[in-house]
Every structure is written in C-alpha cells, then in structure tokens.
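Both complexes below contain subunit A, partnered by subunit B and then by subunit C.
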Partner chain A sequence: MKGLIRSFLTTGSTFLRKPVTREYPETHRELPERDRAFPLLLWDQDVHEPFCTGCHACERACPVECMTVMMKDNPAHTSQGGTSSRRKIIDKFWIDYGRCMRCNICVEVCNFDAIGMNNTWSGHESSTADRLDLVMDLQQLLSQSRAGAVKPWIAP
Partner chain B sequence: MTSVLLQPEHEFETQDIFVNMGPQHPSTHGVFRMVLAVDGEVVRDVLPYIGYLHRGAEKLCETMDYRQGIGFMDRTEYLAAFNAELSYVMAVEKLAGIEVPERAQWIRMILCELNRLSSHFMFLGAFGVDVGVLGTSFTYAFREREVIFDLFEEICGDRMMYSYFRVGGLAWEVTDNFVARVHQVLASARQGIEDLDGLLTANEIFQARTKGIGHISAADAIDWGMSGPSLRATGVSLDIRRDEPYLFYPEVKFDVITGTNGDVYDRYICRLQEMYQSIRIIEQCLQRLQPGPIVPERMSRLLRTPPGEVYLRTEAPRGEYGVYMVSNGGNRPWRCKVRSACLSNLQALRDMTVGHYVSDAVLVLGSIDIVLSEVDR
Partner chain C sequence: MTAEFLGIEMPVLLEAFIKVNIVVLAMTVVVMALIYLERKIIGRFQMRLGPTRTGPFGLLQSIADALKLVGKEDLRPTGADPWVFELSIYFIFVPVFVGFVVVPFAIGWEIRALELGLLYLLATSSVSGLGFAMAGWASDNRYAMLGGLRAVAQGVAYEIPLVVTLLAVAMLSGSLNLREIMLDQGTVPNIVWQPLGFIMFYIAMLAELNRAPFDIAVGESETAGGPHIEFSGIRWSMFQLAEYAHLWIMSIVGSAIFLGGSAWPLGEDLGTPFQLLLMGIKSSALIFLAMWTRASLPRLRIDQLMGFAWKVLMPLAFIQVLVNGFVIVYDLPLLLLTVQGLIGIVVLNWAIQRAVARPAGRPGIAAWAASEATS
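Up next is the complex of A and B:
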C-alpha cells in the first residue's frame, strides 16, 4: 500500500509542473543554430551566382550516393567579360532527399563553403506524396539561400 | 452420488497451441517475431525469428572509407548512437595508431554517458508500458529524454543520428555554454530518475509483476554470452569500463551495480541505479574538462590504415558493443564486424521465458532492452 501511495504522490506532484508539450503544427520550437536538416546549395549574393563550382568533392564523399553534379564553364567569368572569379560553375545538381542520411560529410569536404545543412523548419517538414518529388534540382536547392531565408551553420 | 462431470472416463488430452507475436507488435520493441508454444496461459517454448531489419550495415561499411562508415554505425544502435560511434572510431584509431587529444576524450565520455542516460530513460519508459503503467512512465521518460536530445541537437545538430565523432577526435567544437547546459540537463535528469523511481520501484503491483519473473542464473547468463546490465543483474560484476578501461574511465570514480537474482526486477533496478552512476561520471568529467584541441595536429585528409586486425569493445548501455575490423592497407576496412550486445542477450530469451505466463513473455523481452536494428544490423 505504501508503494502505491508513493506512485500516486509522484503523479500528483507532476500535475503542478509546467507542461513541456507544444501544439506542434501550430507552434514550432525554435531550432538551434547547428540544427541539421537536408543539404542546400548556397548563393553568393555579391556576384549573384552559386558558390558551387561543381568540383564533385561532395558527390565522391557521399556515403549514400544521393548527389549528381555537372559543371560547365562560367559565362560570367572575367575572361568572358563578366565579373565572376569562378572559371567553372555548377550546371546541374540533383540531391535525392529520399536517400540522404544527413551525415554532414558533404559540408565538411566542400572547399568553397558552397553547401550547407538547412537549419530551419522548412528542411524538416519535407514530406511528399511521391518519392520522386524528393529529388531536388538546382533551382530548388538554391532558392532558399537566394532569397536569404536560410543561413546554414558551417563548422569552422 | 457423484456427478458424471467430475469423473471423466478418460483424461483430456491437451495440445499446445502456437501464438504468433510480431513482427508488427507494440511490445516487441521493433520488428521482432516470436512464436510462443502456449499451454493455456503458460509458455512452453519460444521460437524467435530475427532478421526483419537486416540492412547489411557491416557489409556497407566495407564499401566505404572510414569517415563514411560512421553514419552507418549510428544506425546500428539508434538509441545510443554515440556509444556505437565510439566503438567504431576507437577501433580505427587503434588500427591506425592515432592519439586522441585529451579534451576530445573527455567530451566523448560526457556524451556517451549522457547517451546512456537517454537510452536507459527509453528503457524505463517502455518497460513501464510493458508492465502495464499505460502511458505515464513513457511520458515521464520521454520528457527527460527530450531534454538530453535538445542538448545533443545544440552540439551536433541531430537528435538521434549524430555522426559527430571522427577518427582522431570530434567533428567540431562543442558550444560555448556546454558545461552550463550539461549541468542543467543533469539536474533535470536526476529529477526524472526520481520521478520514475517513485512511480515504479516501490509500487506493489509493479513488484508483483516483476519479481521472480524471467530468472536466469549467472552461469547460464555467461554461457549465453550476455553482457551489460542484463548480466550484472545476475550478480556477475563485469563492466568493461572498469575491467578493460578505455577513454579516461580509470580516472573517474563509479560503482558497478550488480543485482542478485537475475530476474526482471533486478535488471530494472540495475539500469535505474546505473543512471545515478552515469550522472556521477559526467560530473567528474565536467570538472576535468580543459580547453584544448579536439583533433590531432597531424591528420591526413584521407585516412589509410596499416594492414592488421583489431577488436575493440566498449560498454554500451545494453552491454558489450564491439567492433572487429580487418584492414588490408587501404582507406576502407576489408572486414567490419559488429559484436552486438542485444543479439547475445536475446539468445537467452528462451531460458528466461519458458514456464512463465504469456503476459510475462512481454516483460522478459522488454527487460533485456533490445534494439532490433542492433540485433539484425
């Protein structure tokens, strides 16, 4: 009987505490800066082009082979009359979010800080009805950074 | 005059019936199937079927280099991923002869012990549900577990699949307010353990359900190769942290908790008491934590290990988590084998279950705290 009363006292004492739950779809928890969702490509706001040069480093390092990268000559390079210092630039880029296991290795191997893990809720709420919709192309990968909506944390 | 019904002409012949449990069953803690041969309410035989979650993680590790394998080790034991990562990276470090900086080792110790706390919280919550406390213990345990996961998320960005340890050290530095945050988490965890202790341990119904159930002797437990809290509950004082020390465990003080009877109740008590010891270890680690480098100064970008083989084991929350690795001199392991504690602990399931009621079979399975992804890998 004593043990039962102790159990009831424990449950009783928790009634007085503040609830820790949230009404999830309506309210969102604030995410820490280092939060890791899926990888995104970053946009160089100074010269208005992606940081990515298409060097294939992330593609080679990816454990689950979820990336496909193609590069091209940069039409905006200074030799072509443009303002960019990048001789090569990304042409096509796909990341299959269905395969990605968010291990952060692509961010670590990137020499240009051109890829980062999405640290906003948009990266976590990415469910689709068709798994082919999870294959992101270059425009989709760049759009959030281009609009200034995400500032991924990249380990120094 | 006697009734005809009381004196049958011949005895009834009874036949055991087979009850299928799983693979989709809430109390099997994953996709585990067991077929129980049942005589009335009493279990006569258990036929476990494993392999539903087999992903070939060991074989996958052989196709990729040492850094890429870390992510797959996370997924072998997802409730204590730091401990699984630790075994893997330490095996590679031993193979390659890499010295890990002191600060990285202390942080590894803190994170592994915190992960032990979160894993044991998961056990306490799920075990309470198995016993029949409905959701109360589960919500209490998850409340505290989420606090620990919040800390993990602040440090390494993910709540369960961390991929934070690297060969040679850590992937990046912890947050500036790390020490203060760990103290906060420990205070909350201690409160959580006391809540669960108060809710379950002394409760007469809980004791009636758990005491004397699923007994296994120390000799049998050793024969089956059990390890971790399940083995210590039988009275065998074996803890790799103490007996075959790694990291800085010799420099911290902690007790190895042992039980006496080896029943379900003892396994529960062992885990509960172990959590206090984990808190004790973390507090000592925080005092010893000094600023410094977290990766060795000289590390090649593409790690190649000399040919050789290595077996390294650590004390994960469920027991001995070992990694056996053979290298032929390349940048990837030639063979990577995971010795999982859950698989060995699960072998003793039949010995522990036979002779008890069907409802107790659920308890026994819950008390050895299996993670099916570690069993099947």
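Up next is the complex of A and C:
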C-alpha cells in the first residue's frame, strides 16, 4: 500500500507540473552556436565582400562533391583602385544541400574562415517540393551572413 | 399506457424510444470526449501536452480519429471464422449498450428504473466476456486467442467480487433498484459505511473494463492488442466505443451506489440540471481516478491477477456480505460497518504487501528457487 500511495503521489506531482513539450513549428528552441546545419558562405562586413577567394580547397576536400566553385579577379582590389586586400574573389558558388552530409570538412579546410555551418533554424527547416531548389547559389549562400543572422562561431 | 416525458404525454414505447435515442447520441459524444480527455490527461501525467494539432487544444482529435476509422478498410483474415468474427463485436457492444437502460443519470432520468436494475446491469455487462472469447477465437491468431482467454478468465474472476460487493450494498438499501439505492443513502453516502466495498468495487471495475493495471488481456506488449488484434476500421472503433461506454456506465453506477449519486449532498429536490451536473462531477472523479491508476501502476502478471481476485477479493467480499447481514439482522449500529470496512482495508493492504514481497518471504517460491539453483 505504501508503494501504491507513493506511485500515485509521483504521478500526481507530474500531473501538476508544467508539460515539457515544446510545440515545435510555433516555438523554436534556441540552438547552440556550434549547431551544425548546412554550410554557408560568410560575409566580410568591413569591406563588404565575401571572405571567400574561390581557392577550391573546400571543393577538393568535399567527400560527397556537392560544391562547385569558380574564381575571378577581384575588381575591388587595391591595385584596381578598390579597398580590398583580396586579389582573387569568388565568382560563382553552388552547394547542393541535397547532397551535403554536413560533415564540416569544408569549414575545417578553409584557409580564410570564409565558410561556416549554418547555426540557425533556417538551416534545419529547408524542405522543398523540388530537389533542384536545394542547390544554393552564391547569393543564397551569402544572404544570411550578410544580414547578420548567423551567430558568431568559434572554430574548434 | 402512456408516460410523460418533458411534459408531453406519449405512448410508453415512444417515450422509451426517444430516451434510448438521446442516450445513444449522448453516449457517442461522451465516448469521444472521454477518448480525448484520456489522451490529454495521460499526456499531462507524463508531462506531455497530449493532442494539440487538431482544432483548438486538439479538441477535434476524436472526430478526426473517428473519420479515419470509418474510412479504413474493413479487413477480415482469410482463416477467420466469418460468422463468429463478425458477430463478436456485437456481443461486446450490445450488452454494454443494453446496460444503459437502468443507468441513473439523475432522479427520473433513467430510461427505466427497473426493480432488479442492479442485477440487470451486472447480468448484461457480464455477457461481453463472451464477445471477447468469440473475438479471440474467431480471429485465427494466437495472440488474439490468448487475449480472449485471458479476458474471459479475468472477467469471470472479477465478476464475482464485483457482484458480491454490490450485493452487500444492496443489502443495506434493501433494494436492487438503482434509483432506490441512490435515494436510500440520505445524508450519508454508502462509501462511509462500505469503504472496503468501494475499494473492491473500484478494483473489480477496472478489471471488468480491462483497464490498466488489469489490462493483460488487451496489453500491447504482451498480446499485441489481444482480441482486438485482427479488427480494423469501424469494427475496431466499436470495440473502443464499447470500452469507453462501459467505463462511463460503471463510473455513473459507482457514483450512484457509493457516492450518493445525484441526490447527495444537496438533496433530491434539486433541479435536474444541477443533479446532472452533480452526477457528472462524481462520475468524472471516478473516471479521473481510473486514468490516474492507469498512469501510476504497472500491469499485473496473470497469476497475480487471478490470485488477487480469488484469494483476496472474493473472501473479503463474502465477509462484507456476512457482516452486513449481522448488522442488519441484529440492528447493530452502522458505524460498525465503517470500522469493519477500515479493518478490511488493512487486511487488503496486508494481502497486497504479502503478494509483492520478495520470494524469500514466501517459502514455496524460495524452495522452488533453491531447487532451480541446484539443478
């Protein structure tokens, strides 16, 4: 009987406690800064251009070959009369999110800290009706970092 | 013959027909509400929210479920015995439904206040054991068979303490008419005189309803749903309907017999809406208690279950009848019954304690364990 009463009291106390459920689509739990969704290109807010120089390091390192990188001469380089110290800069960049396996290798091999993992909810809620919509171009890859939506991230 | 209903004179049969229809409609709504509430309440017991997606607070969940069940294909296994399989749900559903005839929702708000109402209710509701046996047998499925047999064994075992405890209460009232048992309680409800009876009724009720912790017959982890296993769509929903309707009936009857029904504590001259409200509160409390039990206690083993019914509940129920008889015949003070009931609860407690004690405390099992260890 003692055990019976104790079990009833236990369940009674859980009944009175607040449910721990988070109603997911309406409320989002805050993600940790090292949360690893899909890779994004980062935006240099000081000189207003991407950090990426198009060096192909990430493309070569990518185990699933989901990246395509094209490089060009930087029109904003100091030799061209601009303010940037980057001689070369990214021209076109595609990442196929449908292929990406979020392994973080591209982030680790990048010499310029120009690529980072998306640590916001938008990186997780990326379902689309068409597979081709998962292929992100340069503008899409940059837009979040440009808007300052990505939380500062410290590399391990 | 004519009868009056809502102030209109009409033939008796028409009046009964209208009342039956009202009860059937109310039953489907109440069952849907009960399913929704059970999911919500069990959810809260586990610190979840329960259904929230369908409509505001998930209120339309039961309707969505019902629509889904109606839309599902009605399957019958090729090896099943067609007649027995198809008829079995009616043998579960109809007895429950027939029991509504005597359920006293409020004074004057039963379909018929039969003189032998309690007997009628118990007799009809025990038929549903046959339905479980038929469903289990006809499904051509070992788990269903096992579940059906368990349901019957359990139903028969717990029917006896249930009947005998209710009989003990009927002895106090001197009537089997549910309305008279309800009104006879006056200012003190029967639970005061029969605390042991109430607890035994409650335990036997849970077992009769195949509810946790007595749900070994339909337990998912043991018999994969038991007799329900091969039923789908509308047939399965009728199982569900019968189960929750039975829960509703039992809670109303229990609150009428032990908690004074709609008459206590505000007297019998109260307006019908208030009576219905009072009855609703009492029966909801019993239903909530059943859900709380489900959330709290683990499932019993079959031997524990049967042993508890035959070795503990039955003797106590018969002792209750005996003591009630002495008190009535020799005009002893009723307080004696309360004392006896409390002593009975202590005995019940001791019996449960003994049953859950470790095998070392029980020589038979200890000897068996020792022989197992040496061999």
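Quick note on the criterion: the second predicted complex is superposed on the first by the 135 of 156 C-alpha atoms of A that agree within 3 Å, B and C clash if a C-alpha of one lies under 4 Å from a C-alpha of the other, contacts with A are read in each partner's own complex, and residues count from 1 in each chain.
One rule holds for everything that comes next: contacts are C-beta pairs under 8 Å (C-beta built on N, C-alpha and C of every residue); 3 or more make two chains touch, one makes a residue touch a chain.
Quantities reported herein were computed from a predicted structural model and do not represent experimental measurements.
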Mind working out whether A:85 is in touch with subunit B, subunit C, both or neither, as first, second, both or neither? neither
Touch check for A:45: first (subunit B), second (subunit C), both, or neither? neither
As a test of reading the superposition: which chain, subunit B or subunit C, is in touch with more residues of subunit A? B
Would you sort A:4 into first (subunit B), second (subunit C), both or neither based on which partner it touches? both
In the superposed arrangement, does A:34 touch subunit B (first), subunit C (second), both or neither? first
Using the superposition on chain A described above, determine whether A:108 touches subunit B (first), subunit C (second), both, or neither. first
With the two structures laid over each other on chain A, which partner does A:12 touch: subunit B (first), subunit C (second), both, or neither? second
Check whether A:117 is in contact with subunit B, with subunit C, with both or with neither, and answer first, second, both or neither. first
With the two complexes superposed on chain A, say which partner A:20 touches: subunit B (first), subunit C (second), both, or neither. both
Could you pull out which residues of subunit A sit against subunit B in one structure and against subunit C in the other? 1, 3-4, 7, 10-11, 14, 20
Per the contact definition, I'd like the list of subunit C residues that touch subunit A in the complex. 41, 43-49, 52, 292-293, 295-297, 349, 352-353, 356
Using the touch rule from the top, collect the residues of subunit A that touch subunit B in their complex. 1-4, 6-7, 9-11, 14, 20, 31-32, 34-36, 61, 63, 101-105, 108, 117, 119, 153, 155-156
Please name which positions on subunit B make contact with subunit A in the complex. 64, 67-72, 75, 136, 140, 143, 146, 150, 153-158, 161, 163, 171-173, 175, 195, 198-207
Which residues of subunit A touch subunit C in their complex? 1, 3-4, 7-8, 10-12, 14-15, 17-21, 23
